[in-house]
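As written, the chains take the letters A, B, C, D and E, and residue 1 is the first residue of each chain.
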Amino acid sequence: MSALPVIAVWIGAIGLNTWLSRFDSRATRLAVALIFGATILILWEMAVRIYAVPPVILPAPSQIGASFAANTAILWSDFVQTIVKGALTGWLIGAGAAIATAIAIDRSPFLQRGLLPIGNFVAALPIVGIAPILVMWFGFDWQSKAAVVVVMVFFPILVNMVAGLAATEPMQRDLMATWAAPYGASLWKLRLPAAMPFLFNGLKITTTLALIGAIVAEFFGSPTKGMGFRISTAVGRLDLPLVWAEILVAAIAGSLFYGIVALIEKKVTFWHPSQRPQRG
Amino acid sequence: MTEATASPGSTVLGRGLGRALPILTVLLAIIAIWYLAAIWMNATWVRDQAVRADTVLTTGDLIRQTLTLERPVLPAPHQVAAGLWEGIAGQKITSKRSLVWHGWVTLSATLAGFAIGTAAGVLLAVGIVHNRAMDQSVMPWAVASQTVPILAIAPMVIVVFASMGVTGLLPKAMIAAWLSFFPVLVGMVKGLRTPDAMQLDLMHSWNASRVQQFWRLRLPSSLPYLFASLKVAIAAALVGTIVGELPAGATSGLGARLLSGSYYGQTVQIWAALFAAAILAAVLVMLIGALERLTLRRMGLAR
Amino acid sequence: QELTLQLKWVTQAQFAGYYVAKDKGFYEEEGLDVTILPGGPDIAPTQVLAGGGADVIVEWMPAALAAREKGLPLVNIAQPFKASGMMLTCLKESGITDPKTDFKGKTLGVWFSGNEYPFLSWMSQLGLSTEGGPDGVTVLKQGFNVDPLLQKQAACISTMTYNEYGQVLDAGIAPEDLVTFKYEDQGVATLEDGLYVLESTLEDDAKVTDLVKFVRASMKGWKYAEENPEEAAQIVLDNDETGAQTLDHQVRMVTEIGKLTAGSDGTLDEADYQRTVDTLMAGGSDPVISKAPEGAFNHIITDRAFD
Amino acid sequence: MTVIQARDVSLTFQTADGPVHALKDVSLTIERGDFVSFIGPSGCGKTTFLRAIAALETPTAGKLEVADMTPDQARRQRAYGYVFQAPGLYPWRTIAGNISLPLEIMGFARADRLQRIARVLDLVDLAGFGGKYPWQLSGGMQQRASIARALAFDADILLMDEPFGALDEIVRDRLNEALLDLWKKTGKTIGFVTHSIPEAVYLSTKIVVMSPRPGRITRVIDSPLPRDRPLEIRDTPEFIALAQQVRDGLREGHSYD
Amino acid sequence: MTVIQARDVSLTFQTADGPVHALKDVSLTIERGDFVSFIGPSGCGKTTFLRAIAALETPTAGKLEVADMTPDQARRQRAYGYVFQAPGLYPWRTIAGNISLPLEIMGFARADRLQRIARVLDLVDLAGFGGKYPWQLSGGMQQRASIARALAFDADILLMDEPFGALDEIVRDRLNEALLDLWKKTGKTIGFVTHSIPEAVYLSTKIVVMSPRPGRITRVIDSPLPRDRPLEIRDTPEFIALAQQVRDGLREGHSYD
């Protein structure tokens, strides 16, 4: 019986979205996505209230919102510590190193064939195993978090970049040969631009990896701030709304990070068929 | 220009060697660097100990000691290899110290999570491709779902499941599923959308129903994409399981092994468990690769 | 009767009493079927209790009282541990001899997740800020092991007399090279490893009967462990599924734990309780508990168990 | 008997850059057994018109009838086979499997399917290749297979959109001969899009010349050539004159792309 | 003066299915200012021969000289421009940027580049489109841009591999006329691969007919047509006779694909 209102809201939202989705314009697309998200929140709130779920198990969205509003200062400093210092720095260093490595081994198929399988192997190492080791090596502040992120993002970006550098069409390479282009010119004017769609694929995948890595690494030692630190201590204090507020920050930051990279991708690879405005 | 042409007289053996040689070379280089790093990183400790014990070290002593520490900062490759060997072959596989036993515990949850994640990913993808409302609602939030630091809240997830009476393998598997459904979803949506306009038009001109279109066109076309995603997904499922094992009472599984090594500063145990996990991941990915080749060859998609 | 016990930490001799009681059949004799769930760094036993995953938990009093203020009505039903085993262990070479003067500007490793409260009140008694700077201390959230000390990332780290301290010694650092500050000696000790249940559990007579049996059998286990350290260590080892423990370490741990359980028959000493509450209320700007809790402990179980 | 009847058919695509008038007031009558070629510069709406007949596009104005039904009814009745420029064979099915696919979808029985597959493979001179996969065949053979697929379910109308555009001249000659042969044998009505003037002239009974922006028909030329056409007919003065007529038609409506 | 000289050139590809003899004992002399067309069925080695001249492939036997150098020396001296069947424009550069690319690589100064770009855009009738991106242009325009790119650095030799294969007949006619015009104006030596007999006959001073398996030259036909060729020349008896000659040559070496 108590499930009736939940089901009613659910069905109502589905109906609304089905109707809206028929218009398929920019605005309705956004609206549909937002309605979907809002529905989930409402259902969550209703379920928590109707079934009297204890807040130490699952707080209601309203409680999370209140905690978010009450703790903005803490959330901000955690955000700076973990995402700006840890994740972003690590991601930039990792991406830079991966791109440089890809270009460095570009001329040596031998190295590529040797490095890539091993790279895939290393990428399969679970971070929970690497994190304590890196915390031991690089200290407990954000440097070790950045190091974890570097390790996590390096190989996915490397693999994509190497594939991208090889992704030119034979005809495009032949053209370069007919102009007797030296290595540098064909790298700079052909292969790097052609590699961009692949590179951005790697960059996008690794945005969420970077966040997760930085947060989890904090479980293995950290200063007294940071999102991972806050989550683990707040769980210990049963301050679940704060935990979820941190998760919310992570989700927003992650989506923004992804969105920004996707936006840059759009600017850089405007020419790629997947980015061009549809003709006809 | 000549990349594609195999040199004449190349044998299977020669080709195998041609593939293994670069890997071996890089591997050797890594091991050499690793040894140097081990000496360098462990030296501080060895020197401090010498000072504390008031002894003088020769370079030979220093190097020997850095490579044989019981609690090294970085264990030497042979120490890790010995730890792995000890864990895999040195125990009865039912022993709690056996990596095979822990590996099996992890594997079973991984496979369960992988199965759940794959099923969820495929079903969502089918829905998304066939229903515009679902496409517009689910897809943006699927991306957002992956930004939730599931690894950080895994302990809570376990507790929440426990409060609902779900314990044992399933909570771990759910975390694994959460991580693995996303690549499957993305790959499958892409795959189901690969048939080009002409192929869809052909189906249309034959007045094929949606179900016929799905089974005879969309699904077969999506398989290459599906397999590519499955490889990512199974590795993700393994990571999810290991993370889920840490708080699941930390009793067994490679994750528990990793963490308990960490509590007691047993670096060699950590590294052995780490490598066991990576090897397991590599084997799983290879298995899917083999399955992929088999299927695609039978379908005539791999030449 | 089935009963689930959630431990605060991984399987080790810290919980020897319970494992002994189970292995030696003490629970069975009382007609109980007890399941022991090991804990871990990321497990908040209070949360497990709230979620219904366990009937009884082993928890430290600061965390339990904090949870009580958060609205989770925890009640202490027994207190096998009389004394606190927490201490700060410093490298002698860091030059720390007196907490009052030497902590300034140093980095200290502290356990969080509800275990930071005694430390914070200690620092506030010393008048030291925990926000770093030359006049305060830099606090490092210590992970699960003693690496920060060995790697000299911290001048001092938190250790338990029975566990981490031994690990530091095992790592090859001699006791002469270390300086230790026990919380007991600093007057900031709080009660550790008590047994807690939800208030609602105590309203159920059948449950109360079970708990009485449970506490009685557990205390029997503790006394047995005190008297037979070797056997107790072996039992713990047999119950450890990770296979990471060593017998030597567990034997030492049983011995050290014995010193903490020695003074207790399981009944909570109200004086100890009051001292814990006072320490926590003195927690400086951000006290753990803002007002003295009421009904946070209950002697019903121990009274019935031991008369 | 009239099979396809278009009256003032217009078709406008709404695009981001404004409307595109792919077809504007197109009227045409095609009789049973006609071989009609559509020729015209790129973008003049040939494909769009053929797709409209096949109910793959819907006209925005005018009336279009196929076998006395709406195009969509005709589609549901499987009144036509459609051949695209690229063979569009499924790589995971053999040639026989590919031909079988529409038959399966239309619910033909297994025995009937096998018989039909054998017959059309024979018709396009691919007997013996049923077990091969598409990529094991040359481009010309693939295109013949795709024609076989469109023939298998024996629709009365065959619509072909530049089926030989990607093939070389010699192969094209052969396939043109084969197609003529097939048409004579089966008496099907064929709509055929091409870019090549000789091809259009060689094959058709009726040549429809179109011009772009907006897409419309500028000339409909009825061919005086006999139904029997050896390849050498292309060197006859009638043929050359007809070709010139088509070329003139094309020039009229053509501006430098 | 001889510009390209091939003596007994053979080129064998080693493939998984055994060696493929793409060229076998090919001998040919091309004089300065010649317009040479290569025609033949698919797989007869036209592309391979052109690529060998451009030093994109290396003959396995025989001697090949370009402007009295080895092909590779000639390539390094940037002795030729090459146009592929597909336009092969870089999508991230505008049309002007694409034409500029080889000039940048060859180190032309900026001012000179701009001037050359303007000149060749004019030459291929694309003035005003320099700022557009390739995908914003039609296929014909893209192909003209790629020709402009090959012309920009003024090599003496122009090698073109089916440059108009993908275009429709009318556009093709126009581009053929433009190409002839350009050739007359600049006096370049042109090597041109095509599948179309009329195209080969219309453009060339010399038609090389090839046949496959192994790839070889079966006929070299010198054209008696004058250098000035209006489009209407294609209806003259000389033209038709020449075309017939080429067709005969093709038939000789051709087997059903």
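Criterion: a contact is a pair of C-beta atoms (placed from the backbone, for glycine too) under 8 Å apart; a residue touches a chain by one contact, two chains touch by 3 or more.
Because the structure is a prediction, the values reported are computed rather than measured.
Chemist: Trace the shortest sequence of touching chains from chain A to chain B and report its length in steps.
Modeler: So the least number of steps between the two chains is 1.
Chemist: Count the touching C-beta pairs: is B-D or A-C ahead?
Modeler: A-C
Chemist: Can you give the whole-Å distance between the Cα centres of chain B and chain E?
Modeler: Centres of chain B and chain E (C-alpha means) sit 52 Å apart.
Chemist: How many angstrom lie between the CA centroids of chain A and chain D, rounded to a whole number?
Modeler: Roughly 50 Å separates the two chain centres.
Chemist: Need the CA-centroid distance for the pair chain A / chain C, whole Å please.
Modeler: Distance between chain centres: 38 Å.
Chemist: Averaging over Cα atoms per chain, report the distance between chain D and chain E in Å.
Modeler: It comes to 32 Å between the two C-alpha centres.
Chemist: Which chain A residues reach two or more other chains?
Modeler: Expected reply: 57, 132, 136, 174, 219-220, 232, 235, 279.
Chemist: Could you say which residues in chain C touch two or more other chains, in rising order?
Modeler: If we look for residues of chain C contacting two or more partner chains, we find 41-42, 44, 47, 50-51, 143-145, 147, 151.
Chemist: State the interface residues of chain A toward chain E in the complex, per the touch definition above.
Modeler: 169, 171-172, 174-182, 185, 189-190, 193, 196, 269-273, 276, 279
Chemist: Residue numbers of chain E touching chain D in their complex, please.
Modeler: Those in contact with chain D are residues 41-42, 125, 138-141, 168-171, 174, 195-197, 235, 240, 244, 250-251, 254, 256-257.
Chemist: Spell out the residues on chain B that touch chain A in their complex, using ranges where they run on.
Modeler: Chain B reaches chain A through residues 1, 19, 22-27, 30, 41, 73-74, 132-133, 135-141, 143-144, 146-153, 155-156, 159-160, 163, 235, 238-239, 242-243, 246, 255, 258-259, 262, 267, 270, 273-274, 277-278, 281-282, 285.
Chemist: Within the complex, which stretch of chain A touches chain C?
Modeler: Residues 54-57, 132, 135-136, 139-140, 218-224, 229, 232-233, 235-239 of chain A touch chain C in their complex.
Chemist: Any idea which chain D residues touch chain B in the complex?
Modeler: It comes out as residues 51, 54, 56, 75-76, 78, 80-82, 84, 86, 88, 90-94, 101-102, 104-106, 133, 135, 153.
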